[in-house]
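So that you can tell them apart, the chains are marked A, B and C in the order they are listed, and the count of residues begins at 1 in each.
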Amino acid sequence: MASDVERAIEAILMVADEPIPPDLLAQVLEVSTVRVEELCRELATRYAVDDRGFQLVRVAGGYRYQSHPDMAAYVERFVLEGQTARLSAAALETLAIVAYKQPVSRAQVSAIRGVNVDGVMRTLQQRGYVAEVGRDPGPGQAVLYGTTPLFLEKLGLDSTDQLPPLGEFVPGPEVVEALEYGLRVDADGEREEHRDAGDTSGEAPSAEG
Amino acid sequence: MASDVERAIEAILMVADEPIPPDLLAQVLEVSTVRVEELCRELATRYAVDDRGFQLVRVAGGYRYQSHPDMAAYVERFVLEGQTARLSAAALETLAIVAYKQPVSRAQVSAIRGVNVDGVMRTLQQRGYVAEVGRDPGPGQAVLYGTTPLFLEKLGLDSTDQLPPLGEFVPGPEVVEALEYGLRVDADGEREEHRDAGDTSGEAPSAEG
Amino acid sequence: MAYEVATPVFEGPFDLLLHLILREQVEIWDITLSTIVDAYLGELTRMGALDLDVATEFLLIAATLVELKTRRMLPGSDDVDLDEELALWEERDLLLARLLECKTFKDASAALQRLSEAAERSFPRRAGLEDRFLDLTPDLMAGVTAEKLRAAFLKAVAPKPVPRVDLDHVAPIRASVRDAIDELADELPRAGRITFRRLTADLVERLAVIVRFLAVLELFKQGLVDLDQGERFGDIEIVWLGGEHARLDADLVDAYEG
């Protein structure tokens, strides 16, 4: 019978998308770091004994699940055959915002899309289409992102100046202002949704981009 | 002893970032879809029997790993980002109409709710629960909407077939009766209405008048 | 932005009507016309920033209700137009059907909410590919053109909520049948006999006229006024029957709370 702490470790590591340091686990689970490490070792052994297709490993100062190296051939085939998917609509929109608004912070992109974009931004960074290009000089010192030479290469462009002009479809500053006003005073549900975008000051995108 | 196919399924699902359809797994692993489904069920049972802190579930037409619901309290602290805001009652009702009536036009949804739903529909689209799925072939060529795989994921359903049948929610006879009574036009009510005015009967014209 | 604040404010006219008929522990046959109309007016007033579409819907439903209600309150007459009568029944059936449909989806949405709450207790694994496999992934930007990128951007920045129309300069409607009755009870004993047209001559808002009409009907029901209409659509003469000092507040309050 698995203990609750053990099960909690499994649950947390299953949804984490980066290695979780044992002391963080210890803090959340209110047990000692030593105990966490002990339990993680036990779990890793258990998965090995049970001959699972995944492993619990310690990397980069933390624990994470990963596919078993024995299964690499299948995973590779899955990646090659399966992921025929192009950029998702969400990823494309996010990429477009970074392209037209760069340099831009993650919070600003979130504010425009109205949803959290952390996962998508990470993917775009991983693919090398987007990279950190600096920091906001303002108080928050937010990381600013821009597109990469690889991105331009994929589009067959020499520079971002060659991106197609946006024309008159971009809402003017008054619309953006009204929009932000709307976000601020809207009904409960809406406010919730945009709350995490609200803490970034100066998120009003300038009309000229 | 776990079979290679079983282990490969575990490995692949561990690196996936969305539910993976069984036929894709079947294609990559060169076994039948039926076999994949069988193995996935077995794995899910195994994790449950072993009392793991995670689950293998079928949702939105595919398989995925997720944390065990029992562990929600621990996991929540690790997934601050990406957590979806609650939907307002208005949004939920609109979503329910789209889910059961799809494909459905915005005007049809409005007609049912008795209020303009443009704003709510936009919110639902932005959050990815609802998408355009076609156009009405009729004269107006109205855009038709339906629910998305993300909607199914949000509800933990495999497909819209799993929605509880709408018939379950049709108001019972007592509600119909109450409504009918509340909206009655006939003379029955008149008698009731005028009863308390009886002390001034001299002046009040009689109901038959 | 559509008017969509959740409870205790109502989300739409159907919502409110369902509430009035089903949820209030009020014997429905005792709901007075003024209760219903006041509830609708109250909602309209509460919609601080008035959404015209919603307000219109509220008024439409309120109008249908008023029609049903007045039909019930006024003495039946022999020369009732059969077509009109049928039309009214049709309207009622339509309203009933819409209410039932609305209620069905309301309950369905509650079921979806429960499903979603259960599902929310589990969090999906979204870790994605390990670094060692990243190089394998095919070119995700294949097929993405500059034009598509532009289209995606425009879609992303398209105004989401509709900019709010500033209606602060529009005076909120502050009419309630109850207030109108109080006014009339003050005014009518002095006038004794007056036509409806004269009684409402100084009212600019159509809604205020309607409210006053409803108040007159309510007084008629109470037996405090007599009504006389020479011809269809002709002016209505109102005769005060309540005596000079008929302070009817108590009676009326009772009627409202009924």
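We adopt the following convention: a residue touches a chain if its C-beta (ideal position, glycine included) is under 8 Å from a C-beta of that chain, and two chains touch if they have at least 3 such contacts.
In this text, all values refer to a predicted model and were calculated from it rather than measured experimentally.
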Next item on the list: Kindly work out which chain lies most centrally, taking the average of its C-alpha atoms as its position.
Entry: B
Next item on the list: Report the chain whose mean Cα position is at the greatest distance from that of subunit C.
Entry: A
Check: How many angstrom between the C-alpha centroids of subunit B and subunit A?
Finding: 27
Notebook entry, point to check: Once you find the CA centre of subunit A and the CA centre of subunit C, what distance in Å lies between them?
Noted result: 44
Check: Which positions in subunit B touch two or more other chains at once?
Finding: 14-15, 17, 54, 65-68, 75, 79, 82, 87-88, 90-91, 123, 126
Notebook entry, point to check: Residues of subunit C that touch two or more other chains: which are they?
Noted result: 1, 4, 6, 123-130, 133, 160-162
Check: In their shared complex, at which residues does subunit A touch subunit B?
Finding: 1-2, 6-12, 14-16, 20, 28-29, 50-54, 65-68, 70-71, 74-75, 77-79, 81-82, 90, 113-116, 118-119, 187-190, 192-193, 195
Notebook entry, point to check: For subunit B, which residues count as touching subunit C in their complex?
Noted result: 13-19, 54-55, 57, 64-69, 72, 75, 79, 82, 84, 87-93, 95-97, 99-100, 111-120, 122-123, 126, 153-157, 163-164, 166, 168-171, 175-176, 178-185, 187, 189-190, 192-194, 196-197, 199-209
Notebook entry, point to check: What does subunit C use to touch subunit A in their complex?
Noted result: 1, 4-6, 123-130, 132-134, 136-150, 152-164
Item checked: Residue numbers on subunit C that touch subunit B, as the complex places them -> 1-4, 6-7, 11-15, 20-22, 28-29, 31, 51, 53-54, 57, 61, 65, 68, 71-73, 75-77, 88-89, 92, 95-96, 98-113, 115-116, 118-130, 133, 160-162, 220-224, 226, 241, 255, 258
